[in-house]
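Okay, got some structures for you below.
Consider the two complexes below, in which subunit A is the common component and subunit B and subunit C are the respective partners.
For the complex of A and B:
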C-alpha cells in the first residue's frame, strides 16, 4: 500500500477530518494502550541500569560503591518504583495477549487461552525465584 | 409511542457548507427500535434530505456502520432504549472521507480488499471429473472465525493506526487475507505475503486491539494480524537458514 490511499483522488467536496494529536486521550482503552507502549521506555531504562551496574562492577570496589550510592538517592528510588510498576504492566499485558498471536491445535481443536498464558507466568516465577535465590543466599 | 429521544446527527451538504454541522431531531421510539429505525423515522417523517447507508437491518450487509456516541456501531444492532434518555450523537464512520451527511467513501477499503486477493487461488485447478475440493470440519474451523467478516469497516473506525496513516492495509482486509491463507483449499499465501508483510501491512499494526472489541461478528482482526506476524517471521527465518527453500 505504497503512496497515497486509494480515495477517489482529491475530491474537493468530500470532507476529511484531521486526527487530533491527542486522539489517545479520548477513551480509556486508548490511554491504556499508550501506557503499555510507554512501558517500553522503562524496559529500556532497566537495561541501561543493568549495563551501568555491570560496568561499575568491572571497574572495582570504589566505582561499585558510587553506583550503589546513586541508587539510594530519593529521585532514583522513586524512578525505580515507577519503573517496577510499568514493568509489571508491560509483562502482564503482553503475557495476556500471547494467545491472540499463538494458536496451537491439539487433536483438531484450539488449545484454550489459559494453556498459552500460564507457561509465561510459570517461567516468570521460576526465573524470578532463581534470581532471588542468587541475590538472597547471602 | 410515549417516549422520545433527541438524535444529534452530523449533516454535511457539500453544495451548501464547507464543513459538517450537527442537526437535532426529536424522534419517538419503542423498546424494539434500533437507531437505524430512528434514522429512518427522520428520513420518512421529518427530513427526507438526510443521507445514510443501510440495507438488511439484521447485521448481515454491513452497510449501516456509524459512530454512535463516539463508538463505531452497526446502527441496526444498537437499541435506542440503551441510549435513553439521550441525546445520542450519530456521526459518519471515523477516518473515512464524508461524501454527504452520514455517508462515507469506501473506495480506499474496497481497493485494499481487492489487493490481497480474497478468493481461493489454486496453482493448478484439478479437473471437474475429480470432484470437489473436500474439507474436514477441523480444516473449516481454522479459518471460519475470519470468514464471518461482513466488511462493515467498524474496525477501521476503531483503529488509530489507520486514522493516522491511511496507507495501512487495515484490520478487516488482513483478517480476510488470513481467512484465505488458512483455507486448506487455497494455495495463494505466497502471492499475499509480499503485500501483507510490508510495512503498511501487518507491521503497521501496533496491537491497540480496538478493532476486535468493536467487531459485531467476533472476527478478531487483531488476532489475525498477530498470528500473521508469527507466520511471516517464521517464514523469514526459514528462508534465512534455508535460502533454497523446502517446498
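For the complex of A and C:
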C-alpha cells in the first residue's frame, strides 16, 4: 500500500483551562505537598555531604579537619538547619502515610491507623539511637 | 508494557529510598551537620571514625543508603518538575537528568566508598 496517506490519530481539540505554573501556591494543602516533594532535594544534599565526609576521612587528618571546618561555617550551619527540618517533614509525612500502604486486619476488623503509624516512630528512635551509638562509642 | 514495568521498578526504588531516608538521614544530619559542628556533643576522634569507615559493613551500609536515597530523590524530583512546574514537554530531558543523575551519583558513591579509600 505505497503512497497511502500516513495514518493520523483523530485529535479533537479539547477546551482546557490553562493551569498556572504556580498552581500549588493557592492552597495550604498544595503548598504542603510541594514542600514534601522538595524534601527530596535535601535528601540528595545529605548524600553529597555524607560522601564528602567519607572521602575526607579516607584522605587524611588535614582533609577531615577541613571538612569539619566547612560544617561550622554560618551558611552551611543554616543550610543544615533547613535540611534537618525538611528531613523531619519527610520522615513524619512518610510515617503518616504508612496506613495507606499497609492495611492490617485483625479478627475481621481493620487495625486503626494509629497502631500502624506509632511503631514507625518507635523504630525511628531505636534506629537513630543505634546509629548514634556506633558513631559515638569511640 | 515496558513503560509500565519501568515505572513500577523506579517506584519500588523510590519507596525503599523513602524508608531509608526517613529512618536514617535525620540522625546523620543531626550529628554531623548540627550537634558536632555547633559543639552540642563532643565529636568522636578522627581515628575512631576512620576505624568505623574502614569496616566493610559501614561502607556497604553507606552505599545502600546513598543509592536508595538518590533514587528516591530522582523519582520525587522528576514528578515535582512534571506536576509542579508543569514542564512536561521536557519529559525526556528530566528523566535522563534525574534517574541518570542517580545512576552517576551511585557510581561515584561506590567509587568513593570502595575504591578511593
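Details
As a convention for this text, the second predicted complex is superposed on the first by the 118 of 138 C-alpha atoms of A that agree within 3 Å, B and C clash if a C-alpha of one lies under 4 Å from a C-alpha of the other, contacts with A are read in each partner's own complex, and residues count from 1 in each chain.
Here, contacts are C-beta pairs under 8 Å (C-beta built on N, C-alpha and C of every residue); 3 or more make two chains touch, one makes a residue touch a chain.
Keep in mind it's a predicted model, so treat the numbers as computed, not measured.
Contacts of A:15 after superposition: subunit B is touched, whereas subunit C is not reached.
By the touch criterion defined above, A:100 lies against subunit B but remains apart from subunit C after alignment on the C-alpha atoms of chain A. Of the two partner chains placed by the overlay, only subunit C lies in contact with A:128; subunit B stays clear of it.
Legend: residue contacts after superposition of the two complexes on their common chain; A:41 is shown touching subunit C, with no touch to subunit B. Contacts of A:50 after superposition: subunit C is touched, whereas subunit B is not reached. The wider contact with subunit A, measured as residues touched, comes from C rather than the other of subunit B and subunit C. In the superposition on chain A, A:26 contacts subunit B only, with no contact to subunit C.
Once chain A of one complex is fitted onto chain A of the other, the partner contacts of A:83 are limited to subunit C, with no touch recorded for subunit B. Subunit A residues in contact with subunit B (one complex) as well as with subunit C (other complex) are 19, 23-24, 37. For subunit B in complex with subunit A, the residues that touch the partner chain are 12, 14-15, 19-20, 70, 94-95, 97-99, 105, 107-108, 111-112, 115, 136-138, 141-142, 160, 163-164, 166-169, 195, 198, 200-201, 206-210, 213, 220, 222-223, 226-227, 229-230. Touching subunit B in their complex are the following residues of subunit A: 1-8, 11, 13-17, 19, 23-24, 26-27, 29-30, 33, 37, 97, 100-103, 105, 108-110.
Of all the residues in subunit A, the ones that touch subunit C in their complex are 19, 21, 23-24, 34, 37-41, 43-44, 46-47, 49-51, 53-55, 57-58, 61, 64, 68, 71-72, 76-77, 80-81, 83-84, 87-88, 90-91, 94-95, 120, 123-124, 127-128, 131-132, 134-138. Every residue of subunit C that touches subunit A in the complex is listed here, in rising order: 17-19, 21-34, 36-38, 41, 43-46, 48-50, 52-53, 58, 62, 65-66, 69-70, 72-73, 75-77, 79-80, 84-86, 105, 108-109, 112-113, 116-117.
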